[in-house]
């Protein structure tokens, strides 16, 4: 799931639980999110472009990423397009950022995140930063998105940087 | 650092970095925080009551908890009162909750959290929950505090529960 | 799947394979089993109360528990309500009993049970006890159920105890 | 998926992705493949003969075998007939050959193949052999099939042997 | 303890706890069991035929097998004839089936069973199968014995097979 | 071996080496110790109440505990009542405290204590505390006993607490 | 061994077994291959440019790569120029692609590939892709070469890409 | 190196150190040994029949086997015909017996033998058995050879069996 | 901290917590202890003689040794003279005895002691021996000191030996 | 500690031990070194720019790097600016080069370096290269600095390259 | 079991299986062996001198050593004088040589020998050396005894040395 | 390779790469080095005195030691006299010092050094010490040689010691 941003072509995979999350946690509808992407893939479409190592990409972000998805990636349970595309990132040594949203962690969670990390993924829980004195929940969300873009070396001003 | 709540006697250890965090990230002063605790200990006071296994407690929360503190606890580097008291919780098999604030995680972070978990600690990063449709940053903070109290079976209404 | 018993509120998740097992192995129908529970959840309802850490429970029993479910819990493949609720038990440090029905074990089975145990689950295969001189198959089944209740400190007389 | 050959009774499980593979990569239709087997099972039929340890077989081949299937077998995620039957092979200590078709490997792939191997499976990627100077792609495919039959000690002349 | 069956020569080792188990859990006497075996060895007779790798056997079953015996075999504590003979099976790469009767498992049990499995033993807990709709406790016991014989490829009709 | 204390029913298992220790290291006789217990079991009585998971207890203390006993528990060598009862504590997830008396430790000792700890036991060597300024050897012994009782949440004044 | 391609300077190390492979499996002669490289090194020339970390390269491909070479690299047995140069790639954190040609894998093979991967190498077995409907064996070979070039971000049209 | 025996076709690989051993430790000459084999291969002949998985064999014995050869097999350093053929045995899951002649063992030796064992080899040091009251050194050697033949289920009378 | 004894030159490092321990637990003052040493170093003096591998010593004792110091040595956190000198002992393969005073142990403690042991240290908790029928607390302390001297092969009569 | 070089902005952290090293081992004064950096930070200034992931850098070099610093980084003991900034490099997946100056290594040292490497650091001990026939100690030092710059792809002529 | 030799005081522990071995495999009687020792201990005498760390010895040899004894030492099952004395050797860091007589090895044997080695023991199987051209079985036995004495630096001429 | 020094008898093994190193990096010729040794062995002479455990030595130094040699020793690839003699040191528990000259380290290097260390070797990279203010490259080399001699307790004045 590549976030839409300016000149970058973005591909979106929206799983069923992701749709449910949008409805329950935001004022958006799934189609609003879909409208932001350059290309939208069905999670069932295992044969989509992004499931092929021969299709060139900068990398992939899973945001938010359930512990279930982290573990599916860590243990190679690539049975939908999301986890298959993530698996391709790892085998082609491209960047894969997993914005894990789970708390607290039990040992199994940490083990799965460790395995994913050792396979090359970057585990980035969306922990709010308060040093920038966020005023709204949007500030918190933007900070996390900014950190993700930073990891891809995509310039952005979503993030309050040191000294600003 | 035990949170103050009603009839519970709370003991507070405020480290230097914690003081700095209060000043930089909130509108409080360290002494405002200290005023909330039943007992305040200096981080240098290795001989304080809470550093002794013979002093009875329900457990301990480190909130927020730097990755440095997690690792000090995981690898038994108990050189101040905070980490010594945490070590006592583990050896006496009492509850120890570490509200880890770090992102992204590298392998060393995950390894340290795994070791701490295997020694009995509970790693609980303060990841915001959006299902309750928080309106303010305070809602987010309260939710995390409520989850911590839940782990100690202390009744509270800080947390929006399922079905409410 | 929480067993019904007296004053305890029980919640039931009946998976497709569980329904099939009831039909093939007993004289009951799935609805007969459902009628025994206080609350019945659909396995697909990931958003049910018991999938939330904020919903308070004594713990959970999976009975019978396929090796597939043990492994899904051990490796965090929480993609239905049964495994999601089990994952919640582990992260909230509540009791989780898995009545594993598989034989013989290969190395992968033992590895999965070991991982589940290290994450906090209790593996309890329904091995018949003969010291009580069971007369019927019901005696055997009751003994297993009694042992499960014992693990939750729920008084019961299903189990023939030492010296009786 | 047991290959059809002479006097051997073969059982076939054709998963959805396998059907897709047949259509996309060969001139066959799924039913052409099904016609070659003695018995055809639906992948959803968890209760089929081959899912029972009491049903006697020589072993099983998964050809081609996605990394997803390898990992499901390695980590006991036996949720369809293919992986359940494979699990039965391992617990009954029968032969299980996995013709893994994936490249390159990331660490997670190798870990999963290692776990499967330690549980008793044989990982056999269909790497073409050129020492026999194959003329056509069929020669390459036949060589792989011959090697699989060899592992089951089934005589065959698909394979160009040393000195021929 | 090799089960008596038709043309197979069986050797029996009956330990003290096994004798006690027979008395407490069945209507048999130890001598009734001994009468079924071709050859009976004293558990103290470390120098018996079956303790020598040069004595040829099909393999060995320990039924029932305490967790103590599993662990003695796993950790090479071969101090009586039962565990010594089991050790010989493993070093000569013959079949060794351990019908472990223990529940629940703690981590040490699983570790011991894992070690035994990695050394070549087959852990087979006597978990009752209900798919055959057993009527009596004997049906349950016979099913387990049938599964053991199956592992040695000894034909038998103790086991209700798929489709029967 | 449960220590006698007020209203608690205590069960005692006195092994041969324990009897020898009493005679060699104290002015007591084994029978003096036996007289303190509510119930006395022979170490050979594998079938005693405390060897059964169905018999309910608060937990168990082994005091003093030889490295041999720690290792027997860690590696499941449960061949007398002491180690069998300890094994039951672990599988029923009750408290087990091992007052290990050995020094120095070699790697094997530490490994065994680590395994026991990971299975749920608490290793508590009787290291004298001097902060209470003990006057006699009895003070030292009482302090250790007090710490043990503390681990079971049994009130006692054997222990000089912080601030007293 | 860098494949020759347009403007890239390529260095070739042709081991004895590689020469044999060329003769046995292709219509080429070793010198034909050598003629394609910018620079040719003798495998015995441990002191060649590419054996020095100070000599700058994009990376290295071993194609085909015997399991012997994988293991020599994994376990640092750098006793000829091929393995020495590969070792340099790893220590300078440059790209190293190993086109492993072996099947089936035993545990030792998988272990060696895992070690090599953890040291930074990319294991890429030349598994034929059929989705592009290859017509000839050359199509299969070109596909593999194209995948290798992709890993170095060298544009090429050897590979049939998704959607073409 | 397959031992010559009656109707079995034997293939011999005699390495340089093996030749030296024959000369130094026996009254034989290397050619005397070669004369006993059906087929003799040069250790440098990596392309010999026995180096190919497609060439069918019962298995292989390395006798005597230096720790160097054990380790080469364990760590896949298959750079001569002996170790290559051994590697083929392991990947084709055939029998491989390594008669290791080294003493004492350091940790590296044990680690290598453990790896080889986990890959499927049988480590069989030629430890003399005295229970048969050997009279000559030949008796001792024959006993070892008899044990090797036993492992291949080749009948022989070199070994004094139990009860003889 | 080298104990003073007759003709041996002793060097003393007295940390801040050690000073506090002397005051709280004994009737001595830190300077009384310092007066016993041949040379006294400040714990902050990282550049002292004993921090250099080139300065020759018999070894080192840390008595008493906090779990914090054990772990600092085990995990190479050599940030004061005590831990730096201990690190030198290990790298120069000299004797290092750590008289660990902590109880009970949690998993982290045991892990740290295991790591220290594997790096060459000797963990020697000051567990009192009662076989010598100590009369006073001094007898207990002397016994421990005698055992330490024994480990350095320094003759002493502090220890009641067998048969005395 | 970022080395000063041409157009690159360098940030310097000079710890207390580093100052001491400068004075003891060179003819420089700490301020001479500070004068070479673009920005100088106090080691106590945990809140400096380089301690924030949001501050963008090429990477970081610790030169020389004590084993204490390696271990602090490996085990996440980030309690001063040096180790905190190093931790940031690892979590942001930037380059971190540790010029470890310690010899000989004990097991704990190697373990710490392995952990640091697995977290992404590059361990580069300043081992002198003699192939360039250095004339002075400065030649040796420059070679090491040149190798470090090479790792950051910063062109330099400090290093005598192959063929020069 | 310390071998008798000249001026060295030897202590002998002769277990029951050892006595049986003497009778079955040699022309000696147990008392003949006992007569060679300076001191003879009963294996049941756990309180003998050699079971105490305070009793000073050069070390200990177990010859021959069953795999049972190796494993008892490796896993700290010190329940007779032989294994208790061996345990003392390891904790006091004295020499312990185990002349293991077992073949072939299974994985459990190798694991136990590895654990024993890591705890400090020396595993020395009595493998006959033929380079000295032994004439009799005594030559072979003497060679092994000579190698043991060498490990203790006890001069002897039992061993044919290089160049003799 | 034992360094020449006064009254010590030294044996030298000069491998081919060592000869090349002498020529490329120093003004010496291989024969100049050979002239310094008491005895010179050919690296191919596997049967030399120092390859036999029965030949008594103080230990062995490999200086300089390539990572290839470290790994050959760690993984028991003892195929020339150098690595065979090193293997003998380890199995006879004599001192083995490996002056490893490699930088930077990748994970495989560290793993090999860790394995070698755990088998008993001492890894001692020749890192220059500057505290003695070396004036020339010879000072640096002498310091390293002095440290090696120190490890063998051979008095020397090559090393500037503390306080000098």
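Letters A, B, C, D, E, F, G, H, I, J, K and L mark the chains in the order given here, with residues in each chain numbered from 1 onward.
To be clear about the criterion, a residue touches a chain if its C-beta (ideal position, glycine included) is under 8 Å from a C-beta of that chain, and two chains touch if they have at least 3 such contacts.
Note that the structure is a prediction, hence the values are computed from the model and not measured.
Of the two chain pairs examined here, A-D and F-I, the one linked by more C-beta pairs in contact is F-I.
At the far end from chain D, in terms of centres built from Cα atoms, lies I. Here the spacing of chain B and chain K, counted between their Cα centres, is 55 Å.
A straight line joining the Cα centres of chain C and chain I is 52 Å long. In chain C, the residues that reach two or more other chains under the touch definition are 24, 75, 77, 92-93, 102-107, 111, 118, 122, 147, 151. Each chain pair that touches appears in this list: A-B, A-C, A-D, A-G, A-J, B-C, B-F, B-I, B-J, C-D, C-E, C-F, D-E, D-G, D-H, E-F, E-H, E-K, F-I, F-K, G-H, G-J, G-L, H-K, H-L, I-J, I-K, I-L, J-L, K-L.
The residues of chain F lying in touch with chain C in their complex are 49, 52-56, 92-93, 118.
Remark: chain B residues 17, 20, 24, 66-68, 70-72, 75, 77, 102-109, 111-112 touch chain J in the complex. Interface of chain K with chain L (complex): residues 118, 122, 147, 150-151, 159-163.
Taken together, the chain J residues at the contact with chain L in this complex read 24-26, 97, 101-107, 110-111, 113-114, 117-118, 122-128, 130-131, 133-137, 140, 147, 151. Taken in their complex, chain K has these residues touching chain F: 46-47, 73-79, 84, 87, 90-93, 115-116, 118-120.
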